[in-house]
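What follows is a single structure, written as structure tokens, with notes after it.
By letter and in written order, the chains are A, B, C, D and E; residue numbering begins at 1 in each of them.
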Amino acid sequence: MSTATPNAPQDTTAALPADLQDERLIAQQGVRGWAGAFLSRLKSGDLGSLPVVIGLVIIWGVFQALNDSFLSSRNLVNLTLQSAAVGTIAIGIVLVLLLGEIDLSVGSVSGLSSAILAVGMVNQGWPSVVAIVVAIVAGMVIGLAYGALFTRFGVPSFVITLAGLLAVLGLQLYVLGKEGTINIPFDSGLVKFAQQTFLPLAVSYVVALLAVALYVLTRLRVNSQRAAAGLSTTPNVMIGLRALVLAVVLLVPTYVLNRDRGVSVMFLLFVALVVVMDFAIRRTGWGRSVMAVGGNVEAARRAGINVKGIYLSVFALCSTFAAIGGLLAAGRLAAANQSSGGGDTNLNAIAAAVIGGTSLFGGRGSAYSALLGIIVIQSISSGLSLLNLDSSIRYMVTGGVLLLAVTVDSLSRRSRAAHGRA
Amino acid sequence: MTATAAPATTAVLSLKGVSKRFGAVQALKDIDFDVNAGEVVALVGDNGAGKSTLVKTIAGVYTPDEGTMTFDGRTTSVSTPAEAQRLGIATVFQDLALCDNLDVVGNLFLGRELYRGRALDEVRMEQESWRLLRQLSAKIPSVRIPVASLSGGQRQTVAIARSLLGDPKVVMLDEPTAALGVAQTAEVLNLVERLRDNGHGVILISHNMSDVMAVADRVHVLRLGRNNGTFHVSQTSTQEIIAAITGATTNAVSERASRRVQKEEQS
Amino acid sequence: ACGGGGAASGSGKDTGSGGGGGAKKIALLLPESKTTRYESFDRPLFESAIKASCSDCTIIYSNADQDASKQQQQAEAALTQGAKVLVLDPVDGKAAAAVVNNAKSQGVPVVAYDRFIDGADYYVSFDNETVGKLQAQTLVDLLKKGGKSSGNLVMINGSPTDPNAADFKKGAHSVIDGSGYKVAAEYDTPDWSPDKAQQWMESQITAVKSGLVGVYAANDGTAGGAITALKGGGVTPLPPVTGQDAELAAIQRIIAGDQSMTIYKPIKPEAEAAAKAALALANKKKPESTKDVKGVASTILDPIAVTKDKVKDTVVKDGFYKVEDICSGTFAKACSAAGLS
Amino acid sequence: MSTATPNAPQDTTAALPADLQDERLIAQQGVRGWAGAFLSRLKSGDLGSLPVVIGLVIIWGVFQALNDSFLSSRNLVNLTLQSAAVGTIAIGIVLVLLLGEIDLSVGSVSGLSSAILAVGMVNQGWPSVVAIVVAIVAGMVIGLAYGALFTRFGVPSFVITLAGLLAVLGLQLYVLGKEGTINIPFDSGLVKFAQQTFLPLAVSYVVALLAVALYVLTRLRVNSQRAAAGLSTTPNVMIGLRALVLAVVLLVPTYVLNRDRGVSVMFLLFVALVVVMDFAIRRTGWGRSVMAVGGNVEAARRAGINVKGIYLSVFALCSTFAAIGGLLAAGRLAAANQSSGGGDTNLNAIAAAVIGGTSLFGGRGSAYSALLGIIVIQSISSGLSLLNLDSSIRYMVTGGVLLLAVTVDSLSRRSRAAHGRA
Amino acid sequence: MTATAAPATTAVLSLKGVSKRFGAVQALKDIDFDVNAGEVVALVGDNGAGKSTLVKTIAGVYTPDEGTMTFDGRTTSVSTPAEAQRLGIATVFQDLALCDNLDVVGNLFLGRELYRGRALDEVRMEQESWRLLRQLSAKIPSVRIPVASLSGGQRQTVAIARSLLGDPKVVMLDEPTAALGVAQTAEVLNLVERLRDNGHGVILISHNMSDVMAVADRVHVLRLGRNNGTFHVSQTSTQEIIAAITGATTNAVSERASRRVQKEEQS
């Protein structure tokens, strides 16, 4: 049998790694190749999350110009505290969106979780851990029920979770009973965690530097594996450069936050959840299956993937994240009430995922969009809080700014599509 | 017509009386079908004859309305593609069934990922992908682009390469060479022969009679959803098979053929 | 938008330079924008009260759109900008303890405005339970006066997710239960939504087939929905319907005889009392108080029940509405009949 | 060139219409064939909107059992009045869903339209017609803006209309200004139209019978055209049978409604809009293009369809329907205020379309789903209004019943998919 | 190699120096290409050679990075498929581009619906559909089912039938017979000849050399996105074209061919 690629000129074949032998590829070897590739990526609009970041920078710049407390350390620390709860909920939304499904009930589930926590801890006198576990399990069970309904009866997730939104809100009111608002003691662990626990100065820098080191080590290991397998590698200079960028991205905020109270542990938990889920999505078989189901459910089924299992796990995870978000929200407000999880919690969580770049149509997106998206949303909301606006004007401005932030991103996507990289 | 009954004893896969109906359309009616180990059976028939429906029924994509299936001597009912794979049935579907958002490596190893610890071993999968694709003479510039951006033939090559992973007992190829270039087609025919030589059962669907005659041992003809004869390649001619497919001896094909002969004689 | 932005950025620079002298920042945090009173009355009245006694004070204004966590964010933003005192009308009075706690930790006093907050430094309000009582009492009195000593009432309460609604409900029940009238059905109106109230009222016309003598509606919005339902359903004569907030639309309905009463909370004295207390606290002085509510020095004002005959002596007299506002268009005739011109 | 189908037995070919010649088709000629086809459709789950109707019948049965005023004429007349406004908004939602897009701002747009009407008519003293036209045009302009943003910048419609939701709400508050609630006089045309205008008894029956006659005539004309073209025809008996069913479906409600106030003209307007849009979707080139774009936008583009024009027209229509819905809502409430169009207007409109059977993923659905869906939703809400339930229980029951109604439908769809008719 | 320059004068369609790049992949580089009225030009090349990209560029689906296009003597730039259609270019795309949710009639007449007054004339469109499909020997049981439920070949037939509507000057067929049965393939080849005889320019992409040799006047070879020669069918051989496609004279194809000859000689 002939396995050779008979037509490629033999000399270049020998010199090039297996993945760079095609003649049609525009040369990508070495640092110059990389720089060229980067430039051409920029030109063709393949910018990853850069556009949203640019949108964010614009928003920050404008708000800072309007009110110079916007970028103050104190306000930025507040921003981190404000982002954690809904951001955590948005991680779950990213997951269901990756499947091309939706969960409209995350607000209610987070509200129920707040209510269970408060009633359990305060009224029933459960130990906090028990209350927390019960609240999270309740969320998971709701998600499993959604998954079961979806996979068994094929009811669209939009309808299931719309019904869930109402039913779970009912449950929340039922759990709260006649009490209405229940305050959670300020000296309870959860409230302290959500309001007053910050990384010690030294620890915060160590954490940031560790993250950079981990990145470099991982890249170097991948490089050596790829070289051993005869595949192309990233030039060390490039790795160094990227590590530098990462270091700046991590250390500057750490410094700024440390000028006020510091890096909130609750926010760190949220970021950690994002990182873990990003790993799970990109680097595990489960995550690959999620992407496959979201991309083409029939192809996934034919590939032998347990499609029902994937749906179940994702709906369960989404509600679980919603429940965790509810706990964080309760901790931060030091209270649970009938409107916990109400208002625009749902819309903000979904919007965060979408603004961060996760597609509503499945198969495209990243856990990081929850982080980016929620920061955009909270920045707008926090920035507008600093300006004395009438509600009517504030609504109009919020809508406009939101649109602006996403238009930058969409424009670049559009150019990407025109360049055939949709 | 020299239609002969299929040998019923050594079949790895055997269908009896399979019917499948879609709404008002009877896609399959009373189909009997066998494949032996180490045998290439060509499944041929006109457009809409029910070939793909039969393949999908065997692969667990559709459940038949009637009929039984025997695999490796045991009567089984395959109700999901996962089960079919567990039994050892690998399939290249006509509609390819790739995930457009995943890259070539992701699609190749979908459902059969390689691990390094608990994480995916992307490096080994990429290396292995290049090996498989080279083997099929694939002309794919990069395995790290979403398959959405591949050409028709490139996509088909990826689907075929998929079926080479694992060690299936029966391989079903639904028009595997339809979009392939001449070199790639030749490689796939080589591959079919290698599979047979290694004792696999192969079901090959194709509209290309010369390919069929070149690699098949037996030809099974479907016509409008019904059995229309089985032929041993060594004992039949292309003409005879085409007649069974179209249900007539004179038709557009033979007309074209005769015109061509005339033309060639003139020139 | 530009004016507000400019003012804010100017004041922001003050903080940067140490925020000195008499120039104080006072934050006014209101709960929502779907009821007219907050941006139409509370905000301007409060601002002019502050300006009257402290011309270089600046006011940081935010509205929480009925979202407790948004209000928390807005309070934090106000503190970031160096507010010396928070005047807080909480979305949820109980949950606002977190805001008070946060403000206290930075030495910033809090004035609980309109709704009680545990741990606040001062409280200015109309009592919510009293509002409910007053509504119910007026309803019962009207019924008795009309010669009906028994019969079915329906109650259209506020939003099940609004903690204040529970107070109104409690107050109202304390009067109605034991008044001899039966509560045939009761409804917590999601979002205080008038059309939900209308729809519910329509089904009650069907369900409570006979003997419906009166309707308790928790505010003017829900009252409007209920009245439309009664009219559309051909219920004559209209049973008395209560309300709250003294919305212009409600006053007009009262003049036209469609609605029996509304609760007028004179916002001007409330805003002025709050402004006075806020300025005192900002200058580290103890504000005067008339009363003590759960350990908080307070000014408690009386809500006023407005019926047709009282329109002139209340909202008109206080300059809350001008006669020509009330008597515009189709209401002119009703006005002159009611002696309002 | 040989154009014959050489293999089909020549005798049957001659006898059969062109579309029934394939041997694989299970015989469908004559009344028996039709009955058989109908039965096999039932078996394979291809029931059209029958399942939703069954769900509705169950809901009605249960509520009637729990409170016997539910099916009273009075309550049913109320139901028609309650359905018209949000139902009209749902028609627009059906259109955007057919494109696979979404409009989250219909609530705000309807609220703005209410506000413009009230301010225009009452405060500015415009003639009603002017106020109505201005309100509708405002809606249309907003929709055009959405369409322009969507087609120019490729921002996902979810984000555009989320921004729109906020911005238009701001506009609504701005228009209402300090006024807050504005009463629309009870004797104004719009309020009378929305509350008190019912068809005279005789007219209502004439309208119903005219509809049946129109149906029969159309079918007969199609039959004669098809026969002339050598295509299969519907047996006259079948047409008669269907006409009979239609007559019952139209006349029984007419009778029941006439026992109370009668057939509301506002509801009739809503139904008429549904019928017109159904015609536009199924029987015009524009509708065909909408379906094509929703099914496969790239295929539509390659077919030379003016895809941008389709998006523009649909977004504009959707907002226009929202504005009309807002007018009807204002008329019915005889007022406009800050919460007009708020609450669950959005969710109810979208849910109505989905529950009625329009897919969220584009290309599948019908204008009738707005009608069916809104009746399901309003039935649940009206049924629960008659029972004296705690809010918490009410929410739970609403969720449960909603789910139930849709599960019946989904189950049948599922069986349809299993039978290859997805 | 007897590559000959294309006649540049009477071309209906003529491309000069067309390039197209997708991210890091150079799909087309400096392509010159012409079609004359009444001529069938076969566009051949290995998988991923850029054939479909070229077709899509002409059809207005992609805009080229560089290069000019002349149609009917006028330099034009076609930036949307609608413009291409207006010019008179009809295309059958390799990925078919059908709307799965519409039925066969809906797809056939998409963008060119027939009217009766202001409403669609469904009866006439259905009648016409049957006529077109019969002409292509299509085996489609009903034209009132969504094309999603058609077999691969049936879908392809629908796409081809589409291109017969209207009166295009140039018809481009991207692997039109890949999924077709023998009879249907013969009909399509007949169709191509009829189109030529009626003075249309035809661009035919195919991997099937015998089909190419049977109907094409000229063969244009692409290799890895570049021009690799133009051949007049009357002056060339299959061998020569395959060599131009694969870039080598010995390869899997010739190996298989030679093995087959041996086998036939033995038997």
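Points worth noting:
Here is the rule we use: contacts are C-beta pairs under 8 Å (C-beta built on N, C-alpha and C of every residue); 3 or more make two chains touch, one makes a residue touch a chain.
Remember, it's a predicted structure, so these values are computed and weren't measured experimentally.
Contacts with chain C and chain D are shared by A.
The minimal number of chain-to-chain contact steps leading from chain B to chain C is 2.
Two chain pairs, A-C and A-B, are compared here, and A-C has more C-beta pairs in contact (counted per touch definition above).
Between the Cα centres of chain A and chain B there is a gap of 42 Å. Between the Cα centres of chain B and chain E there is a gap of 25 Å. Once the centre of each chain is set as its mean CA position, chain C and chain E turn out to be 73 Å apart. The set of chain E residues that touch two or more partner chains comprises 22-25, 48, 137, 139-142, 149, 190, 224, 246, 251-252, 255. Chain contacts: chain A has residues 2, 22, 24-25, 173, 390-394, 397, 420-421 touching two or more partner chains.
In chain C, the residues that reach two or more other chains under the touch definition are 33, 39, 160.
Residues of chain A touching chain C in their complex: 65-69, 72, 74-75, 78, 81-82, 85, 173, 178, 180-183, 186, 195, 329, 332-335, 337-340, 342-344, 378, 381-382, 385-394, 397.
Contacts from chain C toward chain A in the complex involve residues 1, 4-5, 7-9, 12-13, 15-16, 33, 39, 59-63, 65-70, 72-74, 76-82, 91-95, 97-98, 101-102, 160-163, 166. The touching residues of chain B, counted against chain A in their complex, run 59, 61, 80-82, 85-86, 91, 93, 97-102, 106, 110-113, 115, 118-120, 122-124, 126-127, 130, 134-135, 137, 139-144, 148-149, 162, 187, 190, 194. Against chain B, in their complex, chain E makes its touches with residues 22-25, 45-49, 51-53, 94-95, 137-142, 145, 149-154, 157, 175, 178-187, 189-190, 207-209, 214, 224, 242, 245-246, 251-253, 255-256, 260. Only residues 1, 3, 5, 18-19, 22, 24-25, 222, 225-226, 229-231, 279, 283-285, 288-289, 291-292, 294-296, 298-306, 363-364, 420-422 of chain D touch chain E when the two sit together in their complex.
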